[in-house]
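Here's the structure we're looking at; comments come further down.
Per-chain residue numbering starts at 1, and chain names A, B and C are given in the order in which the chains are listed.
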Amino acid sequence: MSATLKRVGIWLGLPVALVTVWWFASAGSTDFFRPSLQRIVQAFRETWLGPRFVEEVLPSLARLAVGYVLAVILGVVIGVAIGLSVRTRALTEPVLEFLRAIPPPILVPVIMLFAGIENTMKVIVIVFGCIWPILLNTVEGVRATDEVLTDTCQVYGVKPLRHLVLQSASPQIMTGARQALAIGIILMVISEMVAANNGLGFTIVQFQRGFQIPEMWSGVLLLGLIGVALAGLFHLAERRVLVWYHGSRDADRR
Amino acid sequence: MLIVDRLSKVYDAHGRRVEALADITFSVAEGEFACVVGPSGCGKTTLLRCLAGLLSPTSGTATVHGKLAVVFQEYGRSLFPWLRVRDNVGLPLKDLSKRERQAKVEGALEAVGLTDAAGAYPWQLSGGMQQRVAIARAIAYGPRVLLMDEPFAAVDAQTRADLEDLIRDVWHRLGVTLLFITHDIDESVYLGQRVIVLSSAPSRVAENIKIDLPDERDQLTTRGDARFVELRARIYAHIQKAKRGSTS
Amino acid sequence: MKGLLGLACFGALWELLPRLGVVPSQWAPPLSEVVRALGAEARERRFWDAVTDTLVTWALGLGIAVVAGIVVGVVIGAVPLLRTATASTIEFLRPIPSVALIPLAVVLYGVTITSTLILVVYASFWQVLIQVLHGVADVDPVARDTASIYRLPKVRYLYWPTALPYVATGVRLAASVALILAVTGELVIGSPGLGKQIALAQMSNAVPQMYALVLVTGLIGVAANVLARFAERRALFWHPSVRREVPA
């Protein structure tokens, strides 16, 4: 019991200390641009824990979800197709290298040309940015399929595509999916900051332009919390899906 | 049964031509246990891969009559790490009904003494146990021919002895035709009814010796038997000759 | 060789599809028009100023992030107490999207390179830090004991060489992230650079010019990746096993 308590204590120790320092150091601040933490928290409660959450935050998250899922599906399907064929890989490699090197946020103006500033644009931006880590990691993962397993499938008449390829590549695909999530959040915000009329990013920019500083800070805080929450959720999901992988790595290490 | 007729395999690797198998001819009768030995690099694995259909011969034929199963040397890599033992053993049986599959899996695991490990993941087991799972998978598949590629080379001596006795037991029970590749001469004489000795690459069959030891083999007594020692020495001499004579 | 064919096909499609009207040319002008616009850009002083601005922001931000990441990483990594105490803070701060800082930076530092620099440094720092922490943690216990016995200064003879491949990976990852954030900052905040030029082109609806600038940015990204991978391979050439990139 006390061992768990100790671990929780260590885990929370520094963050709590830092927040406390921030609270007291900023208390009674008269700097317009750096309000006290207390004021920020108050603004947080007023701004986000109300109808605005449903009107602005949920649509943003929904767009992220749709774009992300699409990127995962497309990235895995195309990645498997490319990974299985040496010829296709050689053919497409330079093109893919170039496309993935384009910083996704600067495609927002490009995509705006044909998708306007509505939901479609934002989802397309997210898909285009998220697909690269997933696609490239899928190709790598498929390439690295163990030949002994491939031989085993051939001998026993087991279809590799159904029973081997995706499972074997899944740790690598998860790495790509994790990177894609971080990019997706960034693009969700950027697409709304650059061109939008609603959404979390748009709202924060409005606060900034309207000099509603504590509200702006609270928006930043919310973004941070969303980032941490989504990363945590992903971590939990990954641990479930890759139970076998982590187990076998631990066994190797012993 | 399996028949190898004038099998040859030439590799083209980076512009170099490597003749692994020159002219291999032998056959293994229905239900027979045959071992293949030879100096390292003589193409034993190439021979097995041709028989298993994983490689196509350059010329000649390697034919297997009936369903075949393979047990690879790298047991750690031949089992699917995301599947539990029972699912690994049952994977090739996807065409059967759930009940039939379960029955076969249970029977196979019992035959190798791993009934308790059915729910474990392969990486939770020792090397010897993992190889048993691979053997169980081959058993459950119900093949007429079983090919084994130096399956016990990577386990410790104690485990190897247990696995050798296990495979003879399995062979007796199932009546499969068994081709067992090994570099260990003692093992080949202990296990087989016949030992096929290969020369160095480009390999040919140097010798095809019938092992006329009694069918009941025992690690302690058989290995001390005079005839065992004689056969072993004969094969050893052949391999030494094969190694020296490879350039002549 | 095949790769060039792939590029050529891509280029051909980019040229033909808009010309044939399959893709409306307001959406995407043909490649030749984009190249022509690029040529026109290359003759303008402001283009090269923008390229320089972006490269400076990128290099400066990357440099600061790498130095900070290495220093903080080695210090934290070498002291187990610090490691456990800071683990949670790092896990909380890491996933905070760097773009969340944009409004803060603009409000506190205005539309200047400093704001974008903050963005770049923040995002890149984590890439380097995580890799360095894994590198320091990866120290072989036998090597550590040896260093203890012979009283060798740990940082120089133990942590740094072990961590070096990880540092190289971290720099490669950070380089790509840094470029993305640099250009993003220019686009959104409006600090001078290619990103800002793209925003201006979009506002004046100069579509071929916009595509030309995106193309240039992509090429810079490719060059950065190639350079970073080259440097990483140089740092890793002596390494017995190429370390797999630790998931960032």
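The definition used in the following text is that a contact is a pair of C-beta atoms (placed from the backbone, for glycine too) under 8 Å apart; a residue touches a chain by one contact, two chains touch by 3 or more.
On a predicted model such as this, the values are computed, not experimentally measured, just so you know.
Relative to the centroid of every protein C-alpha atom shown, the closest chain centre, again from C-alpha atoms, is found for A. Among the pairs A-B and A-C, the greater number of C-beta contacts is found at A-C. Centroid distances from subunit B, each centroid being the mean of CA atoms, peak for C. In this assembly, the C-alpha centroid of subunit B lies 52 Å from the C-alpha centroid of subunit C. Subunit A and subunit B, compared by their mean Cα positions, are separated by 49 Å. The mean-CA centres of subunit A and subunit C are about 17 angstrom from one another, to the nearest whole unit.
Looking at subunit A, one finds that none of its residues touch two or more other chains.
Those residues of subunit C lying in contact with subunit A across their complex are 1-7, 9-10, 24, 26-28, 84-89, 92, 94-104, 106-108, 176, 179-180, 183-184, 187-188, 194-195, 198-199, 201-202, 207, 210-211, 214, 217-222, 224-225, 247-248. Partner subunit B is touched in their complex by these residues of subunit A: 146, 148-149, 151-152, 154-158, 163-164, 167, 170, 244-245, 247-248, 251-252. Touching subunit C in their complex are the following residues of subunit A: 10-15, 18, 33-34, 87, 90-95, 97-99, 101-110, 112-114, 175, 178-179, 182, 185-186, 189-190, 193-194, 201, 204-205, 207-208, 213, 216-217, 219-220, 223-224, 227-228, 230-231.
Subunit B makes touch with subunit A in their complex at residues 52-54, 68-70, 72, 74, 77-78, 80-83, 91-92, 94, 121, 123-124, 137, 141.
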